[in-house]
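Comments concern the structure below.
Chain nomenclature is as follows: A, B, C and D, assigned in order of appearance, with residue numbering initiated at 1 for each chain independently.
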């Protein structure tokens, strides 16, 4: 099985998810800037989700470069990840429309957590197919970010009960942490190509 | 004619169908978890349709790997399949919004049946072009799943008259049956590449 | 300039247009089959537009196989075609929602006519770039279908004033005429590859 | 990192943005041509935004042909551009629905300005990675259009306060200016391929 079509399908789904979210920004009927005010929380939610989806696309892109064989397990692990990501426009809309109400912020964290777990499963299934000596396994190393993210999401979910700003702060923190590009895989790829040319 | 653009177009349409369905999950105005309750049937329908579309994408992917020439007949058989699949978001929404009412569950089965027939026609047109000795014909063999699915859908459609849970059970059963990846084509592909390298 | 990205973009836009149309099939609130009745004209319009867009994709696919160089003119002629095609979901929805009222059927014909002219311009700009001796120019030959379609659309547009069924009949007729795959380009391509191998 | 997937993702997002805009053209309930009249400003806004997005796709296409390495910085600069472009359907809808009210026309200009700045940042990050002697740097030369556009947008934004027609005129002017295809990069590419073949 070729990985080209898996990438193309994933790109398509992510491109649509990221763009469809903007439909939650419903065009207001009023014509003044004040009529945009109620949209501010939706807009802020949109920015956060846009960044999260961009991070997922970016990391997915890096991860698939290390893939040589696509098995049925990898394919379904990928579909499972896309399922949770496809729910992001819904929770983004709900969180925005209710001005960051506690239940919506909590649900947002649950979807982020579920997506993180789905990503981890996909990573595992790729490593299992390609072996511990494979590129991805080496690149991940201790995988600090991957391990710490679900912990943060859980803190966010619990925090949403106490004060939504705790959750909001944690979600932004994780996004910022991931925004720093993943040098590990890039490094490993470069080293491999070095070894080959030597 | 190249099959690359046929795959790309099919991927695009399937990616959009699978993602557009989430728009049926209308963001509720209330801010409590209870306000999500009426969405539960829509969400369950969404999961089922997501799995069905993922199965179609997966099987389509496998099937097209065996294709060497794309004729006008194959192209239109593919369009015909996409037409029925494009109606899945509509029936998913109707089934979910009416809390699995008998007519909606029945119509859902009819669309599944029509898509299954369209897939079978596409399969036939590929085999006809490539010959009985071709890869796909060998891979399918007795094609148990393909033959049994329409029977199950018909049972589901009739069952929806008596009790919607019969239909629901049958639809889930067929999905589970297909979720087991199609080893037949993978096997046939491997064997062919073996013969070539020998 | 490579034609790959032009094809990819066109495929993307056409895939979205064809799928977004289904959103005009608004999920009814009632749970009986009778609640679907008002959707019948929308559904019929959907089928017709689906076929038209599939024909455009198919013909576009064939035409671009003959393209060797993509110039700015070709690129913008392609965008111009996509613009008119992007209005098809709107006119389909209007025609369906008003149960084939005379103005909507007329506007539908105007959009079909505009798209046909845009397609013709695209064809001209490709032939101009590649020369009269080029593949596409030869393949088109007298281009019967291409010349007769705008005439039929005009008949449809005028007919919509008198009786919408005249227009409806003409639109279906043109679609059926195009459904017969375009053997001309396929033939010309085969002949060229023959000459090359000789 | 390969640029193929970056192009594919960008194409996908732009194709969706350009097509989703048409959903702002809400199908009217009336069946006469007069019922379309209130849609005229939305339609005009749609045409303008369609042209702008087509220009961005076109220029992006040209620019990426000069790219040899995709770094994390380039990738995120590209995401940043897509973010601003993804807001175009929203401002298009708002501007159209309020019949070109002053605040909406102003906001439209701000989004255009933000997208222009994002494009400039992307350009910078590509040149930084590939060096001043690289193809893009040479092709851009003095980059008249790129430098003059933000100035015009600013005039449009300020003009929207005084009279929306000033802004409208300026926005159309910039679009027309860009519609003239960018010969610079095409030229530079041709020269490079000449040098190589010599």
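Keep in mind that, in the parts below, a residue touches a chain if its C-beta (ideal position, glycine included) is under 8 Å from a C-beta of that chain, and two chains touch if they have at least 3 such contacts.
Note that the structure is a prediction, hence the values are computed from the model and not measured.
Novice: What chain lies farthest away from chain A once each centre is taken as the mean of the Cα atoms?
Specialist: C
Novice: Report same or different for the chain A and chain D interface, where same means the shared residue numbers exceed half of all residue numbers found there.
Specialist: different
Novice: Report the inter-centroid distance (CA atoms only) between chain A and chain D in whole Å.
Specialist: Chain centres of chain A and chain D, defined by C-alpha means, are spaced 27 Å apart.
Novice: What whole-number Å value describes the gap between the mean CA coordinates of chain A and chain C?
Specialist: Result: the chain centres lie 38 Å from each other.
Novice: Please set out, as single numbers or ranges, the residues of chain C touching at least two other chains.
Specialist: 8, 12, 15-16, 20, 23 - these are the residues of chain C that touch more than one other chain.
Novice: Show me the residue ranges of chain A that touch chain B in the complex, using the header's touch definition.
Specialist: Against chain B, chain A makes touches at 1-2, 5, 8-9, 12-13, 15-17, 20, 23-24, 72, 75-76, 79, 82-83, 86-87, 89-90, 93-94, 97-98, 101, 103-104, 107.
Novice: Considering only the defined contacts, which chain A positions touch chain D in the complex?
Specialist: Result: residues 7-8, 11-12, 14-16, 18-20, 22-23, 25, 27-33, 36, 47, 50, 54, 57-58, 61-62, 65, 179, 181, 186 of chain A touch chain D.
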